[in-house]
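In the two complexes that follow, chain A is the common piece, with chain B as its partner first and chain C second.
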Partner chain A sequence: METILFYILSALIVVFSIASVSSRKILRAVTYLLFVLIAISGIYFLVDYSFLGAVQLTVYGGGVIVLIIFSVLLVHHIELELEVTPIKRKIIAGLISVVGLGITLWAIYTFPFTNATNYKSIEVADIGRKLLGYGDGGFILPFEVISVLLLAVMVGAIVIAKGKKLNE
Partner chain B sequence: MNIPLNITKTIHDWLFSIMPEGVATVTEWVIVAAAYLALFAVAGLYLVLLERKVAAWFQLRLGPNRVGPWGIFQTMADALKLVSKELTSNANIDKFLYNLAPYFVILSSLIAIGVFPFSRQFQALDINIGIFFLFAVSSIGVIGILLAGWSSNNKFAMIGAMRSGLQTISYELSVGLSMLTMVLLTGSLQLSEIIEVQRTGGWLILQGHIPAIIAFMIFMIAGTAETNRAPFDLVEAESELGAGFHTEYSGMKFAYFFLAEFINMFIIASIAVVLFFGGWLSPFGITDDITWFPETIWFVIKVLGIIFLMMWFRWTFPRLRVDQLLTLEWKYLLPINLVNLVLMAIIIWLNWTI
Partner chain C sequence: MIEGISIYEILTLSSIVFFVGVYGFFTRENLITVLMSIELILNASALNFVIINTYLYPDFLQGAVFSIFIIAMAAAETALAIAIIINLYKLVASVEVKDTEKLKY
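Right after this comes the complex of A and B.
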């Protein structure tokens, strides 16, 4: 059953990624991208890593895609279509993606996978301890660095959005 | 994949005794899905009727009273009418997205409903990130509204969708943070475990005293805003935008949006019941020892209480303006919520919980 579900989800990912890059209507492309992201989160649920699946849904589905749709809504009229990409750029993009695919396949086929023994599903509490742990294998430094980065981004956004005062 | 389907063990055993394992699993999925769809439809229809009755009561009217005794078949008749209506659309729409949008809204609320523990046994999906999963799934619903507004090729629908986006992105923060405040108390995201915590220690709204009450108030305000109901129904403000994002929809597609609104209200009320009022636990544990007692009754009573509160909001307060809506969230609710979170952490740290 898991195998069948995996193949269904993978097929969805492949089909909708191709649809996403080849669609000429921008909001349709975004919707196909959303389907790809939801299918990826489905794969996370399938391997019993439901935390990452839910993060995928919240961050990409509820956050990134909503922001993209929002900006499309602001600037794009329904009758507009994207221009056709010149053939040269298509070839370059195709070549780059083939190289990426090659590297990924090489990594997967050379990695010595072993069957997991005494497996137990990951609790959120474990993730929290790892994320804020400063001992061996803790992630406190990247966590803090990322929060500083986010703060900088927020300050930047506020400065840009505020603009100049009227009396200046 | 590990989905414990613990609705009723008897049906499960019986199914597996008469069929091969694979077929029995699929049959079980179908039965569970059908049960939840039935629940979804019945809850949706009767919440609509309840809303109309409550509205009539508040406005000193009788409300629907023609179809069946006290009008209890009114919404069924409405549903039949909506099913038989023609599905219209205007020119130059994006057909694909236009037809897709209602399903986003309805599917996200349908998935969310499967996580709730209606009683000890009645829960379809008990994953260890329950609350977070609810949050994740309900964040998908707004995409349906945005797509509906854009693909309708109608200015009013578009403005409605933009307002909805603003509102949901802002108020999701408050909903999430107030849920997080309560999760601090339970130490678990799993819904069944959150209820177990309350069996011994009393309902969470009592355990966490002051911060819990503040969190409950913020949750109710932000939850009402999340469901796009009055006083936060700028999305479909009738006097300004026609019907907002679903102006161009007719028949069943309109009914999907309409049903989803009421189911979302049910979901918000259920989250409130699980997080603050002990889920299916009885008050003072009066029926906890009776094994045959259907605990679902307590759950439904509490949910209906919260839903009545939300309907009370709707028929009492006037609609907010967009700037007031955003001021309320970003300048009041969010700072209060952050302070409240720290307060709750301090209370747990010093062990001041009851």
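Right after this comes the complex of A and C.
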């Protein structure tokens, strides 16, 4: 059952990510990106890390996609079609991607991974203790740095988006 | 760990998503769609962190914690980039990559 679910999800991810980078209607591309993000959160649920699945759904499905749609509606006509990329650049980019994918897959399939046997699911309580732990292997410093970063980004986004016109 | 799925299949999936994002990053001409390609790349790397953590080192939680940090960074980056794009649209009335040369020279 989980195997079938994984294959359905990965087919959805591959198809919709390719559609998202190749669609010429920008609003459709954003919708395909939303499908990709939701399917990736499904994979997080499958590996029993439901906290990150919920975070992915709320932050990406609820926040980032809404921001992108908002900016698309602000700066484009809704039926605008994107410019066609020159075929030469498409071929070069496709070649780079395929060669890179080949090298990565070769490296993955020749590396002997030793799977752990003592599998257990990731609990929210463990994550919380790890994030706020200041002992050995605790993550309190990056956690605080991330919170300061979010504050700085909030202030910076407000200041930049308010900006004056160049001729004023 | 997913029943009947080895780590190789999931790593294959995440590398495909990563390189689809790289392809979009090279071919797109619009700033918003370039940003969407970056989102794909960041998602693939976060998926890799979680998968390697659960399949190879289930006793440690470093990968799980770092994927949360990646998602926070991606959200911050998106908010800032959208602010810059909206400001740029006010300045040059376009969000195409070839028109954004206000900071040059």
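Heads up, the rule we're going with is that the second predicted complex is superposed on the first by the 138 of 168 C-alpha atoms of A that agree within 3 Å, B and C clash if a C-alpha of one lies under 4 Å from a C-alpha of the other, contacts with A are read in each partner's own complex, and residues count from 1 in each chain.
The rule is short, and it goes like this: contacts are C-beta pairs under 8 Å (C-beta built on N, C-alpha and C of every residue); 3 or more make two chains touch, one makes a residue touch a chain.
The model shown is predicted, which means the values in this text are computed figures rather than measured ones.
Chemist: Overlay done on chain A, so just call it for chain B and chain C: clash or fit.
Modeler: Aligned through their shared chain, the two binders fit side by side on chain A.
Chemist: Give one of first, second, both or neither to describe whether A:87 is in contact with chain B, with chain C, with both, or with none.
Modeler: Neither partner.
Chemist: Applying the document's definition of touching, compare chain B and chain C: which contacts more of chain A?
Modeler: C
Chemist: Which partner does A:148 reach: the first (chain B), the second (chain C), both, or neither?
Modeler: After superposition on chain A, A:148 lies in contact with neither partner.
Chemist: Looking at the overlay, what does A:28 touch: chain B (first), chain C (second), both, or neither?
Modeler: first
Chemist: Check whether A:57 is in contact with chain B, with chain C, with both or with neither, and answer first, second, both or neither.
Modeler: Once the two structures are laid over each other on A, A:57 reaches chain B alone.
Chemist: Looking at A:20 after the superposition, I want to know if it touches chain B, chain C, both of them or none. Which is it: first, second, both, neither?
Modeler: The answer is second: A:20 touches chain C but not chain B.
Chemist: With the two structures laid over each other on chain A, which partner does A:113 touch: chain B (first), chain C (second), both, or neither?
Modeler: second
Chemist: For A:130 in the superposed arrangement: first (chain B), second (chain C), both or neither?
Modeler: second
Chemist: Chain B and chain C, closest CA-CA distance after overlay, in Å?
Modeler: 7
Chemist: Using the superposition on A, tell me which residues of chain A are in contact with chain B and, in the other complex, with chain C.
Modeler: On chain A, the overlap between the chain B and chain C contacts is residues 1-2, 46, 48, 55, 63, 70, 72, 74.
Chemist: Quick check on the complex: what are the chain A residues that touch chain B?
Modeler: 1-2, 5, 25, 27-28, 31, 34, 38, 45-46, 48, 50-51, 53-55, 57-58, 61-63, 65-66, 69-70, 72-74, 78-79, 121, 123-125
Chemist: Show me the residue ranges of chain C that touch chain A in the complex, using the header's touch definition.
Modeler: 1-13, 15-24, 26-30, 32-33, 35-37, 39-40, 43, 47, 50-51, 53-62, 64-65, 67-69, 71-76, 78-80, 82-87, 89-91, 95-96, 102
Chemist: So in the complex, the part of chain A that touches chain C is made up of which residues?
Modeler: 1-3, 6, 10, 13-14, 17-18, 20-22, 26, 29-30, 33, 36-37, 40, 43-44, 46-49, 52, 55-56, 59-60, 63-64, 67-68, 70-72, 74-76, 82-83, 85, 89-90, 92-94, 96-98, 100-101, 104-105, 108-109, 113-116, 118-120, 122, 126-127, 130-131, 137, 139, 142, 146, 149-150, 153-154, 156-158, 160-161, 163, 165-166
Chemist: For chain B, which residues count as touching chain A in their complex?
Modeler: Answer in residue numbers: 1-2, 22, 25, 92-94, 96-97, 100, 127-129, 132-133, 135-137, 139-140, 142-143, 146-147, 149-151, 153, 158, 161-162, 165, 168-169, 172, 187-189.
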